[in-house]
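Two complexes, one shared chain (chain A), two partners (chain B, chain C).
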Partner chain A sequence: MEQLVPEKGKISPFLVFFLLHTMQVGIGVLGFQRIIAKYAGYDAWISVLVTGLSIHIILWMMYKIGETTNGDMLSAHTFVFGKKLGKILTFPFIFYFTLVAVTILRTFIEVIQVWMFPDLNTFWYSLAYCILAIYIIFGGFRTVAGIAFFGVILPLYLNFIFLFTLPYTDFKNLLPIFDHSVKDLLMSGYKMSLTYLGYEILLFLYPYIKDPQRSKKWAHLGILYTTFLYTLITIITFAYFSEGQLQKHVWPTLTMWKAVHMPFVERFEYIGIANWNIIILPNFCIALWCASRLLKRVVHLKQKKGILLISFACLIAINFFKTREQINKLGDYTGLIAFFLNFGYIPFLFCLVLLVKKVKKK
Partner chain B sequence: MKKVQLWSLIIIMIFATGCVEKEILDDVNLETAAGYDYIDKKVRGSALVPVFLPDKTVHNTVFTASSNLSRDFLRDIQRQSSDPIVTGSLEVVLFGEKMAKKGIVDIIDAFQRDASIGTDIYLAVTEGPSKKILEGNYSKRGNAIFISNLIRQNIETKDVPKTNLHLFLSSYYQKGKTAYLPTIRSIGKNKIEISGISLFKGDRVVDTLPAKQMFFFKLLVDNYSKGTFKVDMKTEKAAVESIRSKFKMRLVSRKPLTVGINIKIRAILIEYSGAKVTTKEIKEIEKSLNETIERECTKLIKRFQEKGIDPVGLGHFVKSRTRKFDFKTWEQTGYSNLKVNVKSDVMITESGVIE
Partner chain C sequence: MRWLFKQQKKEGKKAETEQYLKKSQDYTQVSYINQVTNKKFTISFITTLIDESILQNDALPFLLEKPLENIEDVKKIVAIADVQISNDESEIEQKLFNGYVLVTLESDNSNFAFLAAQKEIVRNITTPEIEFSVIGPKEAFVESLDQNINLLRKRLPVKELIKKEVTLGTISKTKVAILYLENIANPENVQTLMERIKNVEFDAITDSSYIVQLISDNKNSPFPQLLDTERPDRVAAVLAEGKIAIIVDGSPHALITPTTLVEFFSSFEDYFLNWILSSFFRLIRLFAVAFSILITPIYVATLSYHYELIPKDLLNTLVTSRREIPLPPILEALFLELTIELLREAGARLPTKVGQTIGIVGGIVIGTASVEAGLTSNVLLIIVALAALASFTTPVYKMGNAIRLLRFPFLLFAELWGLLGILICFSFLLTHLIRLTSLNRPFLEPLFPPRVTDMKDALIRLPFNKQSRRPQFMRTKFPFRHTSGTNNQNKDIDE
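Here is the complex of A and B:
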């Protein structure tokens, strides 16, 4: 088998924990509670838990694909469809990751514009952000993984901030449990799966993991941690807001932070949003990295040139989304594509890989 | 190559910081309190802006403007102000009596929408126009600080139930619960007091509780509360301070729907008119206190049921114990037919440093 990545470019298995977790936690955390509560009311935390646990199956499939083909998405595609068709099928993923990058950055800038600086210029901010991301990616994948590590560790304290809202919570809101039909729960689970997205990057960075077998444990832990965090945030949010009130808020998490009062800071959400920069940065970098990496693998464009090209495309695309509605649509469509990719295409590919493996053996 | 990247990054960061509007504290007017009144079919908004004088005292300036379209009175006020007025440090919002009877949710919408306004600001209803309250001169630190401290102090140590913008909205949007706010009135020149609790139905005030019932009200709506209460017995009088109270609701039976409310109070004796306090007297005080609490709380709940309001959140409670709860029948017949048994358990633990 060909060696895709030189040994010194690989990362330690435990970093997979941070890569997957950071990619899952992004701008969605600020506002997912309202969307899931729309369908299953205050039973939606069950959907959060169940959806989170179901991801482990997809993760297991992705590892199986990786193990069988010993490579990334393109290797899997080549393994199943042959060289030419494989490349053609991998090509759309470049657009997918570019779209993800644009969505991440634009939704975050929207938060800044609504909460802090209404007159912040989208283009200039994106430019600064892109240059930072390019700088990081030029350092290689190991640097990106390092940023992912810090993107989880540094904002860790934010989790404790939710404790400040406890005096205003009423856990009676969550009762009675199972007051909604299974259909409602499924619908809310579908909406929740959009917030969980991001773990599909495993298929693309698989060749970079030093000892994939040992990384399995970390990957599952990473996703478990995300599930735990999301469930906790959901339950606290539901206890904090009454049901009608929650539907009014686009970013319930930020509204909750408003209740935080400390001697040195009047309003905590400003610190929270500023901190969110660090959480968003690895997401944006990983998306850009995946896109440029694929570009290199598919059309043999040097990755450095690829990054410049893709960030240029991002910078242009980002200016087209101006209003809340447009940004919402952007998020919805990206989520929809990602959903079919994760819960439709990956299981499909998994079956094909197994099938081809059997045929080849014979 | 590395150097070029680094420098371009630094340069862009420097330039990018100049891209947003600055708000320097010395060059803006901070709106610290707002008042809304309904006068001549128009909403009159008043904004209180403190001016900090060199001798460390605060001069209270009140700007007013009225318009048919209520909430954006700030724009009109800007024309009277030398510096731009910003809302970030709003502490208190007052609603005049008539405004509160007319409905206040349209106005509150603006506070919810504005990202710069906190959720822990205090709302209150005033007896008479709110502008009059804002225009007084209560403390050297400014009226807004005074009013908000007045409310906070009374929530933390006395009989005012926990309240702020978030809790008000939370009850307002909660099905099976109605909201309430403290009422403020002016007593003489430059003096104000909390005179009771305004009870809302939807976003309109329909009833007001006097100050002497606030103790019982707080027992019913707050899980943990403090407060003082006077007990009249046959011959003697006593004053008791509640240290801790615990409030618990139970669904006793479904047919007929009965809710049991258990109030547990740990209290200390702070005043007694008789000669000596012995175990016998303490038992007597406890008994009389239990009776008063049960009687007054039952009376309060009866009153709520008659007015069709539910600040205790009984509807919400019953819903949390019932699958497929139907709020329509609850509102029509369920609530008014609900039986509530209040049971109180007072325990006086200490009687001060003398016997």
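Here is the complex of A and C:
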């Protein structure tokens, strides 16, 4: 198979840790606790743990697909369906990633508008974000990986901020364990899976990894770290709020930061939200990068032009979502598509790839 | 026929050169007759470029009194080591301007001799002024290329230290020397650098900063991508790491490449101190830089948008100091920042003694007066003054300049979107740094791409025995500095 990516454009295997982890952690962390608690009550942390662990199976499948076809999603599609049909089937993914980019940015701007600047202009802020993303992506995938790396490292200190809430926690809230049915747990697991989304990018950046075999370990570690982080946040949140109180907060994580008191800083959530910029930025960039990369692969449009086109589309699309309901719906639909993509389509494709491989061998 | 034509052309060249030279009054041409053979010979030279005592003591007496039959005899009779015989007339101009004396025999028109008699006007070696250190060597580079290379050769007396020389500048004919250790430096780096230097096209190169701007990877970046230093010890140390040094004739600053961002924040004095102390000072310096860039924008952001961030007691102080101020925080901050920049610029342009006075007048009088007049708050005055002070901690002057500039875009973004704006501006800066390269090697290394081995001498500096490897990002030929520390046995107490 021909070389998809020149050697100098590739990244070290361990950067996959940061790419996957940063793509998973996004705006969802600020408010997933309420949604999962709605279904499984304070047993929901079990769903968080189990869902997180189940992702490793999907990851394993993606690596198998990547190994077999030695390329990205288009290579896999071409492998199974042939050249023409493969391209047609890959095309919707461009829209998928554009949708993901719009959802990420719009939801983040909503958080800003609710907590910090009620009259922040969506368009101008998105414009600044898009220019930043274009500047990053023009630097090549290496720069995108760099932003992902700093997007994980720089906000690390936020994890320690949760220590401030410890004096106000009561871990007896979590008891009794296992007082919800399996169905409840599954329902909350389904809701949780939306917060975990993002690891599917592996199928698209696979050709950019220098030594894919060695990156496996890091990819699994990255996802394990996300699971660990989410479980920890869930448990702390459940210990901090009572069950009824939690349902009244849309973004419990932000509310928890209010507990922070330092001699020179109050209302820590302002700093937290500003910092969230660095966490959202790689997500937005990777989504745009995937979309423009697919555009190049499918219709041979230069990536430089493709990225301008897609960010322009994002800029226009983002203005259509104004009210809380619309943004909520946008998030729900994107989540639904992503869920079926990850837990439906990828296993399906995995089976097909294995089947075709066997047939071709004969 | 053709040969004859060539000959004529050559002779034409000599005549043309002479004609030009005669226009300048410091060109001298004298004819003598040898006392033994009665041959007539002519010497020509440029008086301002040669040392006449060499001519009068080591050349002329011998030329007059020893037997001089043909041009080859010049070599035998004069007491000068560097005598060159040539028949290429195009060399004449270059040699004369390099301080050689031209000797021609009347009987032999096509061959001539050059005697080296350069007058070396060299400034005495002084202590480093910009990169001064309390401990450690006190020698600094001077303007003479040979002198500078002498300082380096004395520190690295090995045959592997290679010197390559290129002449650049169509008018200035500046000699540029490239030095590296053959057994350590990555040949790919040397190759890239040589190509870039050879491709430089400019008329007059008068300082190494010209070279920096002409061969940088990204010429539109405010960050210097080659490290300039006036310390020969620093150059010797980085040559041993596998880096390449560029020395330009007429410039007291050597250039080092490839370099990384963290190198700009390490003072060479760090290597003279114990590793704990030097690591501490490095961290202080990095903190100072971050403080210097961010503190005024944070002030503007918090006071314009997020005053809720500040606890009640602290807010009291801030509000009291700002109560009388008619200007919004951004104008207040811009006014003070620009004042500080003015003082700095004026201080740099004025002679030292006047400069100090200006500093005192500016700092104390203007500062106090503007607070009393109610133009700025005294809290901001403290902040801006501290930020200015912090920006002076960068050990490399050029990086300090870049940092001076950086806080203005941050101020604008802070005014636009508060803390969010600062973070957006920071992301732009971060992206720019990730994208920058120095001689095609990542500029932000070892932070990104993260390399643990190189971290040992980046934000902190570990002891020398722990640094057994040369910096990885250059892919040196021989990556090990020493092999000690490998036989580290675990010893128990009292064994």
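As a working rule, the second predicted complex is superposed on the first by the 362 of 362 C-alpha atoms of A that agree within 3 Å, B and C clash if a C-alpha of one lies under 4 Å from a C-alpha of the other, contacts with A are read in each partner's own complex, and residues count from 1 in each chain.
What we mean here is this: contacts are C-beta pairs under 8 Å (C-beta built on N, C-alpha and C of every residue); 3 or more make two chains touch, one makes a residue touch a chain.
Computed from a prediction, not measured in an experiment: that's the story for all the values here.
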{"item": "Chain B versus chain C as contact partner of A:I136, first or second or both or neither", "value": "second"}
{"item": "Touched partner set for A:D119, first chain B, second chain C, both or neither", "value": "first"}
{"item": "Contacts of A:L281 with chain B and chain C, given as first, second, both or neither", "value": "second"}
{"item": "Which superposed partner A:I271 touches (first chain B, second chain C, both, neither)", "value": "second"}
{"item": "Partner chain in contact with A:Y225 - chain B first, chain C second, else both or neither", "value": "neither"}
{"item": "Touched partner set for A:P263, first chain B, second chain C, both or neither", "value": "second"}
{"item": "Touching partner for A:F241 - first (chain B), second (chain C), both, neither", "value": "first"}
{"item": "First (chain B), second (chain C), both or neither touched by A:A128", "value": "both"}
{"item": "Touched partner set for A:F93, first chain B, second chain C, both or neither", "value": "neither"}
{"item": "Intersection of the chain A residues that touch chain B with those that touch chain C", "value": "116-117, 120, 125, 128, 132, 135, 261, 266-267"}
{"item": "Chain B-facing residues of chain A, complex", "value": "114-121, 124-125, 127-128, 131-132, 134-135, 138, 168, 170, 172-173, 175-176, 178-179, 240-245, 248, 255, 258-259, 261, 266-267, 269"}
{"item": "Of all residues in chain B, those that touch chain A in their complex", "value": "5-6, 8-9, 12-13, 15-16, 19-21, 88-89, 112, 115-116, 118-120, 166-167, 169-175, 177, 316-317, 319-325"}
{"item": "Chain A - residues contacting chain C, complex", "value": "11-12, 15, 112, 116-117, 120, 125, 128-129, 132, 135-136, 139, 142-143, 146-147, 149-150, 261-267, 270-271, 273-275, 277-278, 281"}
{"item": "Residues of chain C touching chain A in the complex", "value": "305-306, 308-311, 314, 417-420, 422-424, 426-428, 430-432, 434-435, 444, 448-450"}
